[in-house]
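Shared between the two complexes below is subunit A, which has subunit B as its partner in the first and subunit C in the second.
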Partner chain A sequence: MRRFACSVLAIAAAVLPRLAEAQACCAGAAAGELGRLTLHEEALLGVDLRAVRTLGAFGDDASFRAARVEALQFEQSFVGTLRLGEAVQVGAVLPLVGSFARTPRESGFGGGLGDVRLSARCDFTFAGASRTVPGIALLGGVAAPSGRPVEATDHPLGVEATGMGRWRSWLGAAVEQSHGWAFAQIAGAVIHDAPRDVGDRRADARWGATGSVVLGASLPSEWTLAASALYEVEPRSPRRNVRFGLGVGHPLRDWRLQGGVFTDAPFGGLGRNQTVQAGFHFALMRIWT
Partner chain B sequence: MRRIVPFLLLLPAFAFAEDRLPAALLGHPFPSTDAEAQSLEGVRGERPFLVVTFFSASCPCQRAHDPRLLALAEEFGDRVAFVAVDAEAHSTREIDRREKAARGYPFPILSDPEGRLADALGARFATHSAVLDAEGRVRYRGGIDDDRGRLRDDARLHLREALVALLGGGEPPEKETKVFGCFLRRK
Partner chain C sequence: MRARYVTALGLLLAAFLWGACGEDEADGPFPMELVGENRLFHATLSPVSEPLVVGSNDFDLTVVRAEDQAPAEGLAIEVVPWMPHHDHGAPTAPSVEEVGGGRYRIRGVAFNMEGEWELRISVSQGEIEDRFVAAFRV
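Then we have the complex of A and B:
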């Protein structure tokens, strides 16, 4: 655990900005959202590398218990986004998932194609365009059950699982505003998981919701920073989770570097019936304007 | 609501732009950093062309482009008039005077918080530049260059290319180009 924390801190330190003389422009939103096109960008293609470690889990009584199994997940995703007209963005994420788990008695590694995600965003108004009207966007998407669900795996630690095994769709909205170097966003979405068959049992459809806050800044070195907090809740399970993130982005001519660290809050009472994870990611994207 | 409609309809940036600025706007006096009020005609004076660049005090992209704008004013200032227009809703002459002094602009900044010039010239982003001739015809509109933020040595200098062509008696190689700048913050 200490080694993992040191790695995360080392990477965070390496990517934190060294202030230079140039100026950033119009990129406040990018660091907080993987694959999002910023103002004037028409398309992007990229790769996102992600490593996640399971720290523990919240039980039904909302108390946190540290993990007894060492569980790591690596994800390499191909990301693409295209702007249609001025206001619409459509994107796709194709994840390749690898999992490693180890207990004192056994260990295993497995992986494969994860759940492919398609998403869309429609900006009715834009952040920064008006003093009184914020940017308002409709968000939606769907995740296909292209990954392998846990019940379809043979390994006792479930390391071959790469997906949820059911369709997921979501619909939400974002309200955001920017001024000069500062950017703020509040977003919310309703999530629907379709029913699925698990062996001879039927798992019902389920509903959930997310709410998030992102605060971003374009630094004088062209770096962009974003701090985020995401609350997820699934009332009927009942399941809930709070995730905090810190992201950075930097343009490189026709490319954009993006990275970040994130962690679920491992404090009793914040989560329920939910694994607690922490990790980091790094993405390199080709941008077309 | 009228200001939101262009976004809702997904219209391109120049959809509402005039090909010729109405005489009433050319001669309209706007609060200026260099005088009580100045019109575009007055700023142009006897020079054949006027460069109008839309200005945002808070836009990092504007600040990044200041050296290039200053270089153009230095190179062409004896033959072409330059003016910046602050069309943001919160613009005041006091803010513009402070910004002009800090940035070293040798040309005036006109304050147009109602955005009349921005609407007429189809300007939605800071650094949007238009070249007007003596009759108020828009001979070029678009970006100062194709840089988004950090200035590159090999950038395409659209506004400079347009001025060279126009002063040589020709037409700009591209009459409209993409503008890379922050939204002009309207009401």
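Then we have the complex of A and C:
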């Protein structure tokens, strides 16, 4: 049961959005947990391929406007996770970001190393272990500004940007429970972006938060299905967004296949000052037990 | 029963696509009248072509002295595009060329994404300095 619950979470986490991932320049740390280990797994190494298309953007008045530019973003992330005892697992994500954009007048492609992320998870109790006590976990991590911020690029469409140009850290908690073939999780995290200097200007530190709900089901033939919804907000900006995801997973001996689709809600009022995107991902992980 | 599900799914899809079409663009804010933070200069900002687009854009800036509305010539002008809600700037630094009669052409303002942007414009002449902030949506 706990193995099933972990599988659902591993799948769902991969389709959860990242705060402020509007463009590569805003991309940063994941509040989610790409590469989560199930209870019987000791380590994993994998690659996650992700493609995202920009549908439009929310303005400051929360109105949605469809995109007038064709903007695609591709990301190949190398993922590694190691278990340190039953309760603790640590992970790293090394993203390679590529962006393509085309307008009636200009087009371009660029990319490079994105912001490297380190994360940790500590499970105090496990989902499915008790009917009355849910699984409770503490989540945390940090993202280094190893990517290229947009101000350091030359192309007018900013396609060479691969990172935020600032440190990001996050701390959160997850409560999860499984019953029979069903699984549910509620999670939240607080995100802090460190200040950064842009030329002779200083962008102040900022705080954000995410809250997510995941519902999962165990299907025949070891397939796992997970649906997720995530709300992200950054009060000072102010920015907010809602993203929905649907993912599937399947174990293959020492490997795990994961895939999924996700989309932000392109409806006026549901977002503010945020780019609206949709995309899919596919991940292949080598598992050591 | 199956027909009901198909109808419901169709309505859901239609609603999704309707929402995804977004709102029509309202009339733009240009020409935009700007007052310097130090109230030494007034300015009028207009894009050379509308609507503003993701990618390169050019602007015309006309600056007059606040005290007598005379054209402000020979100014040193620096323009920084900034996305305030995302805390980042633009890929390239715009260039400014004086046209004459207090008019300046700002070239190469690169908006790398859609959303709310600002042009932070600093003008100076000797010891005199002023600053404009123009906010608009791309």
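Assorted remarks:
By definition in this document, the second predicted complex is superposed on the first by the 256 of 289 C-alpha atoms of A that agree within 3 Å, B and C clash if a C-alpha of one lies under 4 Å from a C-alpha of the other, contacts with A are read in each partner's own complex, and residues count from 1 in each chain.
By our rule, contacts are C-beta pairs under 8 Å (C-beta built on N, C-alpha and C of every residue); 3 or more make two chains touch, one makes a residue touch a chain.
Bear in mind the structure is a predicted one, so any value in this text is a computation, not a measurement.
After superposition onto subunit A, the partners subunit B and subunit C occupy separate space and fit alongside each other. Contacts of A:S169 after superposition on the shared chain: neither subunit B nor subunit C is touched. Look at A:S63: by the touch rule set out above, it reaches subunit C but stays clear of subunit B.
Shared-chain residue A:A203: touches subunit C; no touch with subunit B. Of the two partner chains, subunit B is the only one touched by A:E222; subunit C is not.
Of the two partner chains placed by the overlay, neither subunit B nor subunit C lies in contact with A:Q76. Put simply, more of the residues of subunit A are touched by C, taking subunit B and subunit C as the two choices.
Per the superposed model, the minimal spacing between any CA atom of subunit B and any CA atom of subunit C is 31 Å.
For the contact definition in use here, the residues of subunit A common to its subunit B contact set and its subunit C contact set are 22-23, 25-26.
Contact residues of subunit B toward subunit A in the complex are 3-4, 7-8, 10-12, 58-61, 63-64, 89-90, 124, 148-152, 178, 180-187. Those residues of subunit A that touch subunit B in the shared complex are 22-27, 39-40, 85-88, 123-133, 178-181, 218, 220, 222, 251, 253, 289.
Of all the residues in subunit A, the ones that touch subunit C in their complex are 20, 22-23, 25-26, 54-60, 63-69, 71, 101, 103-106, 149-151, 153-158, 160-161, 164-165, 193, 196, 198-199, 201, 203-204, 206, 237-239, 265-268, 273-275. Per the touch definition, subunit C reaches subunit A in the complex via residues 16, 19-23, 25, 53-56, 80, 82, 84-92, 108, 110, 112-116, 137.
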